[in-house]
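Structures follow.
One chain, subunit A, appears in both complexes that follow, with subunit B as partner in the first and subunit C in the second.
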Partner chain A sequence: MPNFGRLLREKNIIFVTLALCVLFYLISPRFLSLDNMSAISRQIVPIGLIALGQYFVVVSGNIDLSMGMGSVLFAIVLGVFFGLTGGVALGIVAVIVCSLALGFFNGVLVAKLKLPAFIVTLAMLFSAQGLSGLIIPRGQQIFLMGDFFRFIGAGKFMGLYWSFLFLVALFVLAYVVYNHTRWGAYVIAIGNSEENARLAGIDVDRVKIGVFMFSALCSGLAGIVLSSRMGFVQPGLDGNGLLLDGIAAIIIGGTLILGGRGTIGGAFWGLLFIGVINNALNLLNVEDVWHQVFKGAVILAALGANWLLWQSRQVEAH
Partner chain B sequence: MTKRLDMKGIGKSFFATRALDNVNFTCVAGEVHALVGLNGAGKSTLMKILGGVYQKDEGVIEIDGAKVEIAAPSDAGDRGIAMIHQELSLINELTVAGNIFLGRELRHGATPFVNKREMARQVRAQLDRFGLTLDPNRKVADLNSGEKQIVEIIRALMSDAWLIVMDEPTSALSEEDKEMLFDFIRKMKEEGIAIIYISHHMPEIFSIAEQVTVMRDGVIVLSECTAASSEDHVIRSMTGAELDHFVKPHKEITGKTILTVENLTHPGAYEDISFNVHEGEIVVMTGLRGCGAPELAKAIFGLDGSYAGKISYFGQPLKPGRGPAQAVADGMGLVTENRDKNGILPPLSVRDNIALPYLEKSVKAGLIDGRRIDALVDKAIRDTSTKTSSPEQEIRFLSGGNKQKICFSRWLDPDLKLLILLEPTRGIDVHAKADIYRIIEDLAGRGVGILILSYEIDEVIMLADRVLTLYQGATVSEYAYPGFDKDRMLADMAGAGQGH
Partner chain C sequence: MTTATATTPSRPGFKLDSLTQRYLFLILLIVIASVGFGIANENFYSLANIGILLRSIAVPFLLSMGMTFIMLTGGIDLSVGSNVAFSGGVGVVALTATGSAPIGFAAAVAAGMAIGAINGVFIGRLRLSAFMVTLATYALARGMALVIYNADSINVSDAAFLWLGGVSWGNMPVVIPFVALVFVALSVLLYKSTFGRDVYAAGSNINTAFVLGRRPERTLVWVYVLSGALAGLSAIITVGRVSSGQPWAGLYLEFDAITAVILGGTSLFGGRGRLLGTILGVLLYGIIINGLVLTGTNPYLQSLIKGMILLGVVLLDTLVQRRNAQ
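Let's turn to the complex of A and B:
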């Protein structure tokens, strides 16, 4: 017989998410309709990309605050290339190159110059925001039209959005990388003790730079998905809201904010949790201001519970 | 058996201090060589030279008859020398096998995927070879200290180490884990591994080691077979033949009893401890690391309430685990053994660090009375002879000794009645030590009761009015001034004559 208490403790996010679904269903049966489920699956894709990139950064004991505004900047890069040439491929390549370069820059400052990731990426957040406004002045926008954007934004396969399937595939890939490759083990090792990882002969700097390049690449992908869905790009997009949703998802999914511990599965459930809340509050026509307050309260409750459980486990371990 | 390591005529100086002088040390395959000596005798300097952390000034290191240079820790590892430290270097969130293979993982052929099954299989084979049972797939975070130590040793053995250096390996182990470790050591001996075993526990040394070497003041004073030696002989060599003739002014202890500890027990830490501290009296607890004294001190200060027995303060029983705020309000003070972690607030100035406990009492109309604080701070700096360029200097730039004086200055409050000091002179230089001793004597002279934990025998004898020797959490004996017998105290601390 499974130990229910333990299951509840380790998989509590699943139960909380399911309970919320039931609650929202009781308030509005439309919540569990096929259409709405499908809408949630599409809404969570950009957040999911941010969460995935952020996951490896946080497990390595760092944080990347530039991911949200980075997405906006990369969406604008895509828009500019598309606007100038009318071709998509060049725009995608530009996004990949720019994002990897930005991640490399973040990573080098953190790994080689030993600057705190919080400071480096906070500076990058503001720079990305400024650059976005520089490229496209506020109030203006570039429209993205064509088959590619329609495919990414609304294409379906057997009733499921392609973008969602793509996200799921990335999570599976990340699961394999995290659990079954050296790189995954090194990220965990560095998050636990950089010194001990170095002593074991791991090239700590290289792993750190890689982590930041991956997170920046993820924000580039999030920028592509986000702009495709909306059909236009503009500098006023709420990149920081996206960033915070992504961070909340992985923390709710049991990733230790101090680094060194987390599961990809947990991060995925945390993402669903955020997706469900965002969607339900919209669906229930909660006023925007109250929307944020309610979301804050639910996250506090979930995170607070997680933190207390973690601490109680620390005590048991002694 | 063949001699594998041969260190000849090793010398090392740090500025004017001669840390090692003409030290010869050898290791034989399949034997345990115990290395003992008091703090500062040169054991760790010698081991750091072997481990590539320090460079020798003179002498030769030979491995299997060939001269080698060990210029960095990685050189030591490449030559098969492994240091197992007390602070283990494992990654808690990885598995046993993941840790053992960290940095040199096995993969499925040329794919990027790690072959966890093969790694676990190889680890299990090693564990079996030494008769150990441990699941290679368990997370290291879930292991106890003994098991973690085994993981560390297996990791060394699997990188082809033939010489294992263990520094006080049993200090954090339960009885059961000690047995497991000793069995493991015996098996390693059968496999021809050489072991350097640094310890002060006489019963352990005489049950596990073939050879024992004693260092004192940077030289080897004794090196012989354990079969031909004795606990007494080793202990006498550690302290030296000539006894220190320090004469402490005689002092009558006539004051009231401040603290009474009766039958205090906390399973696993200390057992059935009873003693008193009177006004103006300096009571020193001493033993080896792991003797239980820090835990005892924390119970008295109200940080830990899970004990059996009774603590009374001026005749009133104290509520277990009442917390430090209450302890301070009652007139107790504590200077912890780890000033950087639990003592100072590193980014703040000297002034703010000193002022912390006085803020409560220096408030006028809701605001802090800065002038009063300045006066208190100046007085504290003067009274403790703290050397700082200004009270605004950030404390983290001060030397260890000056930081320690500031930790003391918090408790110069006239309401102080009992001061608990854990390793008050750990890691500080001679001059600062003298200042600290003076502060302690001054406080005692004012009638404050003082309870000290010290691991340094000379300091114990110099300061104490009364000494309690502890071994593995139990009181061995109690000595009252002037009847201090250094050799007997050391024998008590080392568990000599208690069997294993």
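Let's turn to the complex of A and C:
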């Protein structure tokens, strides 16, 4: 089967993820139980939202480091509005407005002032972290209760979590936008060569600002989902961990960190990969202290395997 | 052509070049910040506080130096903070096992270099993205630190092991002359050795460097090993400062180091920058954080101010340069 080798190379993340599932199933049959599958589907939603927003940013040749701490900040914005008014609607509107404003700000600095995205969003990471702790004092929590949070956090439709269905719908939408609209093509073109994109008449600045507004919106949504699931918000949440998981998901899914290349499907599989690992470490009663070791080693192994496959393609090409 | 301009840093003529401009700007900010904090709090200029300030920036300083080398090659190292915890753990365990401080020191530095070597081989030899590889070792090193310590801190009482980070001569912590020595050594390495020129060459244009036989793939391995070694030294200082090894030591220090290097005007894309800029970046950062701690500010406000400084300096610099270009 000559095509199998090619399939393995190009879609290797699918095989790796499925192989891991089989492995974990053999270790603990509970891994593939319906309960656990749906637990995974719920756990990956915040990471998935970060990954999706980050995906367009990375493909456009930029990076958004503010997404993780942004989620924490937006969760707190939601919590504060909920605490003040007791209602949800105003909080959601506030999160959407604030996140779009942050994205617009990032985008303008990157596109119009030509500052590196890495620096701008690193500064925003610190600022969001700072603001989140200034709005609510350290160690204090705001509890989120009510139908809305229960619906987002644990609501199910035909056995599937609403939040997961929502994430899948967003991925499908992103797939269509990325592959079948002009805007998607512009993002790829900018990631390949900003200069060429400009010469081709693309309004580069506008697309870039749009990309950052989308990523910030995604981090706002991630903040809503995360806080609903936990039932409270507090400033000390590990936003950077969320950010790095999201980036790892899309890179493992084959997105080129330098921009210009990637597939939405790959990003989704990368997300499942991260979700499966995170879940299995808990399920298999791996001691907490080993989690990070395992995760780091698996990412390194995935990178190494990708390199080996890439090498074999080089050899074949000669 | 690219390597030629990179290996001979442009000299300021009638017009100051952009790096010199950035350094003057940073010095101005440092002066403003120190005068401001001096007025706000009379203890700011006490010898004791200056000692505390310099000691507190020793670790960020070492890590930022390593980060400068890496960013000059166009790379990035997200693993240094975790590496501080990991190499500290190895050092403390080696110390407890053998009772010998030199072996503990050697173990810590070797452990740091080992993580650096993993980064270097994956990035330099396999040509994988530095961001991704060091993201993996960021998790790996932190995880191994947690395993070594079993998620708990270990007290250290060996006086020789704590000497570097903990002892002061009068108001002068011994770590200050040590760090100064490291700086001199690194300056010689960067400006007076072939390796230093290789670093600039690899960062300016890796393909050209390769064609010219400068072996950038090898240079890349060594800059990450260097950064790992500096993380090991930082670990020893960190353990000495608090008299215990802690699994969460150095958390997010990589972000601080990257910030200091960027403040110092080193390009994110490699090939351009100097160690002097990084010193100024670390100093500005340290003075502001120290000044805020002294005035008892909320740590979250410090984060916010960090972000604002980073954005403000880079933004102002860009605007000034753009006006000059017109």
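To be clear about the criterion, the second predicted complex is superposed on the first by the 304 of 318 C-alpha atoms of A that agree within 3 Å, B and C clash if a C-alpha of one lies under 4 Å from a C-alpha of the other, contacts with A are read in each partner's own complex, and residues count from 1 in each chain.
Basically, a residue touches a chain if its C-beta (ideal position, glycine included) is under 8 Å from a C-beta of that chain, and two chains touch if they have at least 3 such contacts.
Computed from a predicted structure; not experimentally measured.
**Q** Of the partners subunit B and subunit C, which touch A:W290 in the superposed model: first, second, both, neither?
**A** It touches subunit C, and subunit B stays clear.
**Q** Touching A:I247, do we find subunit B (first), subunit C (second), both, or neither?
**A** Touch status of A:I247: second partner only.
**Q** What is the contact status of A:S193 with respect to subunit B (first) and subunit C (second): first, second, both, or neither?
**A** first
**Q** State whether A:I299 touches subunit B only (first), subunit C only (second), both chains, or neither.
**A** Only subunit C is touched by A:I299; subunit B is not.
**Q** Applying the touch criterion given at the start, work out whether A:R261 contacts subunit B, subunit C, both or neither, answering first, second, both or neither.
**A** A:R261 contacts subunit B only, not subunit C.
**Q** Examine A:F232 and indicate which partner it touches, taking first as subunit B and second as subunit C; both and neither are also allowed.
**A** Neither subunit B nor subunit C is touched by A:F232.
**Q** Identify the partner contact of A:H180: answer first if only subunit B is touched, second if only subunit C is, both if each is, neither if none is.
**A** first
**Q** Looking at A:F166, would you say it contacts subunit B, subunit C, both, or neither? Reply first, second, both or neither.
**A** A:F166 contacts neither subunit B nor subunit C.
**Q** Which partner reaches more residues of subunit A, subunit B or subunit C?
**A** C
**Q** Of the partners subunit B and subunit C, which touch A:L131 in the superposed model: first, second, both, neither?
**A** After superposing on A, A:L131 lies in contact with subunit C but is clear of subunit B.
**Q** Overlap of the subunit B and subunit C footprints on subunit A, residue-wise?
**A** none
**Q** Okay, in this complex, where on subunit C does subunit A touch?
**A** 118, 122, 126, 128-129, 131-133, 135-144, 146-147, 150-151, 252, 255, 258-259, 262, 268, 298-308, 310-311, 314-315, 318-319
**Q** Spell out the residues on subunit B that touch subunit A in their complex, using ranges where they run on.
**A** That would be residues 73, 89-94, 98, 102-105, 107, 112-114, 116, 141-142 of subunit B.
**Q** Once bound in the complex, which stretches of subunit A touch subunit C?
**A** Residue list for subunit A touching subunit C: 109, 113-116, 118-120, 122-134, 138, 235, 240, 244, 247-248, 251, 257-258, 288-297, 299-300, 303-304, 307.
**Q** Would you mind writing out the residues of subunit A in touch with subunit B in their complex?
**A** Touch residues, subunit A against subunit B: 176, 180-183, 185, 188-189, 191-193, 195-197, 199-202, 260-261, 317.
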